[in-house]
Structure formats: structure tokens, C-alpha cells
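Per-chain numbering from 1; labels A, B, C, D, E and F assigned in written order.
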């Protein structure tokens, strides 16, 4: 069930049988000369929506499409929240979903740069309860789509070299599978992009002139993307089911 | 040009000829027994994407899909930002787009409940510059899609009674045109929903038991929705062009 | 009963019979070549105090005299809160008044530029309750003094041309009636000021060089001001009484 | 010159000869069984307005009438800002006045409970400049009206016993001089109120059941109030003049 | 008992018999040509730890070592929190200690510049409870170490001239007693530093070129420091005991 | 050079030759039945101070002793900042150190729970510059002391089983080496503590009843701790030197 495409009585009815919701979360940021700016929110959305198609019992929230991408701001089209804003927004999403009775909220993340802030937000949320000796009404989980069991291994098997860290052929391939009419190509120079630390936007652009880090996205294809999606979908369903069924101690 | 579906060099190139960007902005909130929860972000997205298809020179940002909907929180599936969070997020979107050289930022809004907070945010943003006697690097504009010239008149002509204020047949129809496989139906009782003031969530639910305000969405159809879209698209293009060309005094 | 001019046992006693309080709220900002900087907080104060004189059962809070006036900051003497500050301050006023048992808080507003932020604050306040499925202990209402039933019509009848939007002859006249020794005059050029959009302070000054928007305040007189006050007073008393008596559904 | 009762061109002209402005600042809070709730904002306003009448070269801002009074909230009619809100509001006042060219901002304070927060705000404001090695465009000064040279001595001479700390006969007398038709009386029991530490609102009410601390306001009279005002006015003018003329090192 | 050097079961056990905790709080800021940057957090730590050694029933928290020192930022090594940050941090310390059952929290302060912000924080904390008519679960107390009964008198007796306000021989001496291998010397010119108001960092440096205010720290010696510590320790134990035993009205 | 134990002219002089500073940062939180509550701030302090003793050219800031430990709040003595507070405080430390000319700020961290928030803060700080297309005046680095080259390997070699994640024998041993008179012992049951996810405080206590995660701290000894310190000191000096010498692209 996709929340955005449902009417409220449908959600209401579903809450009688499930208390778990998946939130695709990503970023809108440069992905090298050919990657779509939306890559990082599209990937978790593509996987979550495919999983929902495979098993309608999965409840999927709208996609949280803007994340923490300050380091990409020297490339046109990137939109970033400051971490403090990102924290406030995630807080309100959690408060809203929890209000309706969702007790387990699973963030399927598509952007490595989001991880620290999402985890800090979980702590900020939990802290409200920890300070007052009460149990929070929700359990929160963060999962990067490439960390779904089996997915990273598959990606590395498909792309043994030039996978890299940003604008990877894996993520480009996933978007190619979903949006084949948006495939772009370019001469990559160098073929495999350099690596290095991530700091502010100007430093980033000086280190990574076309935006890629360590990757050769020229290896991507819609077919490879579909293989990744096909592996991710059952892994997600299983991971969410385990999360939904996890027994909490002391309750 | 849709930013999310483009690569950064494409945006970079486009910025040489245009400094204007359209941001579809809405809400994810209950829309009565049959309306999609995503109605308010879908409508401006549908219209803006159709306009971009008609005239690719229009630059459209990703959709800002969660807004200020605290009054709908007693209905499952609604996700709301607090006004203060909403302000912070809009601020970061503007800062990001401005960073790249977009000087005129046009918010195409799909939710009446967003208006006050968006306007307050504009003032918060302008205030930074007003306090220090500098010109801001951007001009901001808010336009509700139904206020595009000619649209409201058309909606009222199509739905002379039971248009109402929330879960209107107009907005339902627009989503039906775009997502015909998501059309839902219900017995509405009463046929035309009651009206009244909007306050907190429990008060709202007590006044408007099925979520509608003053509307009879049963009148909606995909065909009527398409007529509205067809009227809105040229109106949007014209309105954005006027905004892009507006001469600013004293500069 | 004017709170500021009373002792706490008097308020305490009054709370046994009334739960409603009126807060005059405005701004301290330029009002053209001749308008008092305090015009926008004086007008609601003048009307509310006159109403209290007419009917002592009206409880009137001290005047909230600084609002959201960032666009006027290019004119000397203007004092503005940022919207976020304004929201925090209104929140604390409401929390204070609510603490004492005032359950219905009526803001009589004198500045159009305040409206969006006041409404956003109401939503911020209600959201605290909406997120947790509780009823707030207060109901909030915003009324611009010129929107009191009959007042706008009277103003337009007295000033059929050149009423405009800022530094209107109506508001100037009201202050002239109350502070006849503070009447100032000037040659207005042009007689009727230009109109246009409101943005940041420098843009505002470039568009509206002497501060007025669309108005000819030279038509104001103390007598006309008194007529407006005389119409506003009973309208306010009636409007507040209706608010105090409004039945809330579901309680 | 009273800013609120002037038009902007008058302020503009005055800024050519003076860069100093006085802001009366206080609180709206209980002042015992007979003291006006507005006492703490009325006193500095009364003194500043009287000083302006004596010497029109004094520029006086509107009165900042709500301060930090959380400890008085158990008494009806008290309105308090949280310290953090108070800080934000003072910040915006300073930013506004500084924007116009006021370089020396003098807060004439009427509430002891405001002192810590006002001083913390000064530090917050200065810190912005201290962190970046720049001179702030303003100098800030806080003066309690009773600390004006000679005033405290006079108050103690007039009221050798039962002056106390809150709802003092001095401040009551000042308001009686200004608002003789608002004088209230009561049997005080005990005649001189108890003393003790100030903490939260319930603790305060338990310690000081009628709101007074250490005072016997029954000694107040309009004549005594006038004597205090008459002493404060020249002291204020002299103090402001010294502040305006103070030579800053290193500039 | 020093919290940081204990294990949690020890604290747990102690909470059965005591509900009071001492928090040494200071600043890391320049203290003239010879004073240690840590002087202001070392002094309360030295005294509190010595008191704990004398009477292990005293519970001492870790040292809060960075305070509000914006005015010292023009001197290398100074680290300052903005007042708003300082308030947030103190709030979290109080919330943490209160969570464990500490009901009386005593801040032993070593920096005059902290006082206003600490007091404003107490009000911010109390306000949460004052707004909702509840008793806070803690009582807060601020004591500067030099204001412990008898200490200031002793300091003035030891240093009848040149004690001053910043980089005083008293505080330098206390650190010399505790860290004799860190004693530094310099030619002070002038011998007694100038005095004046405290504002922003550049103003401060212009007024007080070597950082001292009104002091001649050359008079300090470890022996004198030890005398001060020896006086402060019993005074602290007695003051804390009185605070722990204070009867609260109405509970 | 230890900043806190130096006078400002010493720091001033040193800034002519070095622009790098090390900030020991940790937490005050339960560390099982025998670990010191200060373990996580003591370890980086112990290592950094030992490194400074070995090579005085290292500049070490005071220790940042309270971090993000909300999950430990169900154990007495834990003090935690909320992530948002932690971010504000780190921001002010960075702003202060940067103000003096430190351009490379190296955080030596002792608490895993701090990592996400510290990284989010770095992004928050960088974002200020990324949004405006400027280079920040500093480069920030986070290093956990156990991740210093060679240290983790040594710890695992010394403690091949029962190292675990919290209250590890490594960290306990390091504090034993530094504070041998504070060594505590207990019967651990089970010998090796359980593992699991980290969420809020009550959940944590239910999962990890004595506070440990996966560890057997009974294996710790001062000698083993000294071996770890001896390995960490040269690793830190080398790591900081590399950071100080790192060439930044594009500058």
C-alpha cells in the first residue's frame, strides 16, 4: 500500500493489521556527468515501490526526497537541507506517522551522506524519552538499500572495478532500469574517478571535478539495474518483516 | 527541464539562459473518503510536469511533497511539518537554488494550509537582507495552482455546487486524470460536506467527520480533471514567463 | 477590564465569569510622510480600549506593539521582529494567558503584514496538540480591525478613492481621532501612491519612495477617524461575544 | 522625540544629529494586591516620556512591555516571555534600530527579573562580532530606573522601612503619580511581606502568597511618586548624555 | 564522591541517601599574561574536589569547563559558548542529573561572565513548569566560589590593593596552589590594570591590552592560594548542606 | 602545549608556527559495573596529554567531556547532551579555535555514540560555506582513539575474546593505567555481556542490564592499558602531523 496513492480510510483499515511503515529517503544531488540528480531518492523509491507491488502488505510512505548534500552544492541542481533542518523534518515525519499508530518506522536510505544526520535524529528523538524515563511509542531503523542482505555483494560482483562511492554504476543502473528514457552518456575522464575525503562544497569540487568519487558509471545498464532491483526487493521484504516481528525486551 | 531527471551539466548549461525555477509544493494529507493522500503535491506536480512537457524551457525542481497539515493529523496517513520546520526546509531549498544562480523562484502550491507559512518564510528570508540594507539575490513568488488566471473560474463553472474548500472535486479530478487506476469511490454522507473554521486536529475531525470541507468530490472525473490541467498549463507558462521578465525597480 | 491597569486579584475574580481575552496586536513601522510609526498598534489599541470603556466586561491584554515589518526597514523608526521571533513571542503570550484560564484568545490585529505569521503561529501552537491527539486548552482567533463587520464598508464609503493598502486614510484618521495633537501634514506626491508587490526592504523603498502604497492619507481627519472608531467598537464587542459563545463540537 | 508618535521623515532627520535611542523595557506581571500589572513597563515609560518632554532631543522608542516573569505566572494577568524568546525579541529590536543608524542603544529597565536575560542577550549579540573579529555597529547599555544616580537613595529616604524587592512602594507610587485614577487599596497582611529566593511560579506563590516580596506598598502616594519621577528625569537625561558622548577606545 | 571517577552502581547507591550534587562550572579564557586559560574552571574544580576529599558525602559532577567568554575572544586560547548554546548545555546537564534523582543541583561557578546566562537558564528551565502549573523536580542554585561565606573577605584581606575583577591574584593563587609547576611570571605594565565596561572582544582588547581588569596578579603565590582554598572548602560544605536541607514551602 | 595550562601569550606565540589543534572529546556515561563514568573523555585526554608530553609541539585543547549518551541515561551518573545541543557546542568550540587562527581542528574521540552527531556537525558547519560558495577557514577531522593506526589491532590481540562494544577491557584498561587508585572490581554475570541494537534508555537497560555490551572488562589491567597508551601516542602524533601537512586541492 502506497500511502500517497491511498485514501485515509484505507490507511486506517490497514493499521489494524500492521504497525510498520517504510519511508524511502534520499537526496537530490549531482551524480556525475550522466547520473540523474534524483538518483538517491529514486533508488529507494524504485525498490520500495517494487516491493510493494510484489507484496501489497508493505506500507510505503511518500518519498523523502531532499537530504543532506551540502558537499555537492558546487554542482548545479543539488538541493540540500542543513543537518539541523533535516533533523527537524525527520522528527515531524516520525511524529506524524507515530500519531497514526505506526510503531516501527523503517527508513530505506539512498544517500550515504544522510546516514550521520539520520542517526543523530534518532538519538534526538529517543532522547526526549530517555530524559524522562519513558518508552518511546516507536522503534526506528535505518537501512541503506545497498546494505540489504545480498545487494552489496551482487553490486560488487557485477562491477568488480570502478564501483566507487558516488555516482556508482549500481545506483545509475537502478535508475536506468526505472527510467530508460532518461539514460545519458558522456566521456568519463578519467575513466575511474579519484577518491578522497568529503568536506565542504568547494573542496569537493576541487577534488572531484565532474562529481564522481571512485566510480566508472559507464558500466551501468538497465539490465544490470534490474538485476539489482530484483535482488533488493525480496531482501527488503524480508528485512522489514524481521523488523516488524522483532521482540522488544522488557515490554 | 526536470531537475531531478537531469544531470548537473544540463542544469549548468541551462542556467546560462534562464534564472527562473518552478517548485511544485504541496502536502500529504487526507482528502476525504476517496481523495488520494498525495492530492496536494500531485496537483502542482502534474501541472508543472505537463507544462514542462509543453515547453521544455521551463525548469522544474523536484516536488516539495510535505507541507503544513497539522489540522489533518486525526486522519491516518497525513504527514505534517510544523510551521517552523516547514520554514527551515523552504529556506534551505531557496538557499540551494539561489546558490546555483536561480534568481527567481516560483512556488506552485497545491495546499491552502501552506500559504501562511510559505509567506512567513518569504518574510523570514527577506528579513535577513532587510536588516542589513542589502538586496537579496532572489525574488520569491507563491502561486496556488487554482489561482492561475482562468483556472478558478473554470473549476467553478464545471462544479457550480459542492466545490467547497477541501477534497474539492477539482483537485480530485486532476489526480484522476493523472492516475486513473487510483480512482476510488464512496457514498458521501452528506453529499456536500459541512463548512467551518480550521483549528487543531481533533476539532477538525469533530467538525468534518470524513475529512471533506464543503465539497462533493463525487462530481470529479478524469475528463474534467484533464480540462482543468489543460487550462492550467498555458496559464502557468504565461505566469512564469511574466515573473521571469518582471523588471525590478532600482536595479 | 484592562489587564495592565488592574491588579492580579481583579483578573482572578474576573476569570470566574469570563474565559475570553482580547489582545491588540500591531506593528511599529513607517506610515508614509505623515502617519505615526505606531499607527498599526495604536489602531487596535484605540478600538479595544474604547470598547472596554463601553463595556467593562471586555478583558483587554496589554498591546503587542511590534510585529512583522521587515519590508518597512528601509524607513527610519521601523522596528520589526523576524517571523520566527514573532512566532515565539506570540506562543509565550498564549501560554501565559492560557495558564491563567483564558480559553479563548482573540487577537485584534492592526497590520496586514502580521497576518501570515500569526496564522502560522496558530498552526504551530495547535500542532503541539494535533501530534499527540489532545485538545488544546485554548481557541485562537485573528481579526483585523478593518474586517470587523461593517468597518471596511464604512472606510470605503468615506474614502471612495485613494484608500490604498498602506498608510491608508482610515488608519491615519483613527490615530488622528485619538492623538489630535500628533497630526502631521505633508505634500503628497503623487497624491495617490503607487501599488505593487511587497518583498524586501530595498525593493519596497524603490517601489514606494515615501512609504505609502496606493493611498492618499491627506483625506484623513479626526472626525472621520472617530466615525470609524464608533463603528468598530460595537462590531468588536459583538464579534468577541460571538467568539466567547461559540459552541465547540465534540466537547 | 517619541518614535511611535512621529513619522519616519522626522526620525530620518533626527538621525543626522543623534545616534542614541532609549528603549523603555519592563514586564507585565502581578504587583501584589494593589499594584498594576503593568507597573514594570509603565515606570520606565513614565520616566522616559517625562524626560523627552523636558528635553525633546531625547529619542525614545516604543515601550518593550513584556519581559521575563516566569516566576509570577501563578498570579493572574502575568504575561511572560521565556528567556530564549526574550533574547530573540531584543535581538530584533537592536537589529532594527541599528539598521537605521542608532549606534548607542540604552535600555531603561523596570524589572529586576529582566536583568540576567538582557545581559545574556547583549553577550549573544556581541558574540556574533567577537567570533569574527569585527566591531559591532552598536554599543548597548542597560540601566534600571532605580539605579539612575540619586534615585535609589531617594526611594530609601522616602520609604526607610518596607521598601522590599517586589511591589515596592516606590514603583507603586510612580504609577500612582501617572495614573491617579487607577489607585487601588487593600489590607496588607502582613504589613511587610516576607522575603526569600525566587524560583518557579508555584514555589513563588507558596512563599509570597499575595505576590509582594519584602514590601509595604501601602506607603505609596502619587506625591511621593512624583518626587521620584522628578529625580529620575534629570538623572536619565544626564546618564544618556554621558552614554552618547562616551569615547570608545581604539576607534 | 566524584561522579566521573565512580561507576554507576556507586552513584545509584549514593542516591538513596543524597539528592544533592555540585557542578563545578567555569570557562576557558585568557587570564592575563600569566594566568592559566583554564583558571575559571580549575578554581571551582579545585575547591569542589578538595571539599569532596574532606567529606566524601559530597557528590561532585564532572567539571563544566567552557562558559560564556565572548569578550575574551580577542586573546588566543579562549573558547566560548554563545549564551544560547550555554543555556542548551546547562539544560541538558540538569535534565540528566534530574533524571537520576538529583533534586538539588548546586553550580559552583568560577567565572563572573557566566552569571547572567546561568540565571537566565534557570529561568528558562523553571518556565517550562511555571507555564503549566507544575512543580519542577529540581531546585537550582548558583554560587560563585568567591561568594562563599568568608572567602571574599579573606581575598580582600590578602590582597588589599590590585585585586581587581579579572585575572585577580586570588584566582591566580588558587591555581598556583593546585598546579605549582605551571606558575608563570611576567612584567606587568601597568602594575594594576585599568578598569572599565565589558562589551565585545575588540572593545575589550582595546581597553585591557594584556587581558587583566583592575588586577595585579603578581601578588599571587601558592601559599596564598592554599589559604583561600582552605577557607573555601568548609564554606562550600556548609553552604551545600544548607541547600540540601532547605525546607521548600508548600510541599 | 596544553591550552588550559598555558597563558594566552604562549598560545599566541605558538600560532606563528602551528595552525593545528587537537580536541579530546568524549562522554560521561556508565561503563558497566566497574568502569568509570568518565571513561570516554578520560581515554582521549590520557592519550592526547601523553602525546603532548612526548612532543610539546602538539597543541591540545581542554577536554570536551560531555557528549551524546542518551541511551545510557537509565544508569545513574550519565550526563548527556541532546544531539542538537552537542552540535551547537561543537560549533562554538570550532568558531572559537578558528577565530584564533587554528585552521585544522582534530577531534580525538572516545565515544562511539558521538560519531554521528560530530559528523553531522561538521556538515552543518561546512554547509554555511557551501551555501555561499566560500571556503571555510578550517578543516575538521574526527578520529576515534581506537581507530588510530595499529591500536585496534593491538586491542584485539590483547583481548581476543570479550572485547565487545561498550565498557570494553581496552578502555577500562586505559583508565586503570592512568588512575590506578580508582580501579574497581565486580562479579560480571554473564562474563561476556550480550549484544544488540542501541535505541532509547529504557530499551538499552532492558537489553544490557549492567550496562556492558558484548564485553568482559574483567580482563583489563593497568599494564595492558599502558601498552595501549604507548601504541596510541606515536600513532596520534603521526596522524596529527599528516593532517597538519595535508595539501588541500585548489588553494
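Definition applied: a contact is a pair of C-beta atoms (placed from the backbone, for glycine too) under 8 Å apart; a residue touches a chain by one contact, two chains touch by 3 or more.
No experiment lies behind these values; they were computed from the predicted model shown.
S.K.: Provide the labels of all chains in contact with chain D and in contact with chain F.
M.R.: Intersection of chain D and chain F contact lists gives B, E.
S.K.: Return the chains shared as contacts by chain B and chain D, ordered by label.
M.R.: C, F
S.K.: Please work out the Cα centroid separation of chain A and chain F, and write it as a whole number of Å.
M.R.: 30
S.K.: Per the centroid of Cα atoms for each chain, what is the distance between chain C and chain D, given in Å?
M.R.: Centres of chain C and chain D (C-alpha means) sit 25 Å apart.
S.K.: Go ahead and note the Å separation of the Cα centroids belonging to chain A and chain C.
M.R.: Centre-to-centre distance between chain A and chain C: 47 Å.
S.K.: Averaged over CA atoms, how far is the centre of chain B from the centre of chain E? Could you give it in whole Å?
M.R.: 54
S.K.: I need the residues of chain C touching at least two other chains; which ones are they?
M.R.: 73, 80, 82, 84, 96, 99, 130-131, 133
S.K.: Line, ring, star, complete or other: which describes how these chains touch one another?
M.R.: Drawn as a graph, the chains match no named shape, so other.
S.K.: Going by the touch rule stated at the top, which chains touch which?
M.R.: Result for touching pairs of chains: A-B, A-C, A-E, A-F, B-C, B-D, B-F, C-D, C-E, D-E, D-F, E-F.
S.K.: Please give the residue numbers of chain A that touch chain B in the complex, ascending.
M.R.: Residues 3-12, 15, 28, 30-38, 41-42, 61-66, 73, 75-82, 84-85, 88-89, 91-93, 96-97, 99-101, 179, 182, 184, 186, 211.
S.K.: Across the complex, what residues on chain D touch chain E?
M.R.: Within the complex, chain D touches chain E at residues 68, 70-71, 73-74, 80, 82-84, 87, 113, 115-117, 119-124, 126-127, 129-131, 133-136, 139-140, 199-203, 205-207, 248-251.
S.K.: In the complex, go through chain E and note every residue touching chain A.
M.R.: Residue positions touching the partner: 95-96, 99.
S.K.: Taking the complex as given, what residues does chain A use to touch chain E?
M.R.: Contact set of chain A toward chain E: 130-133.
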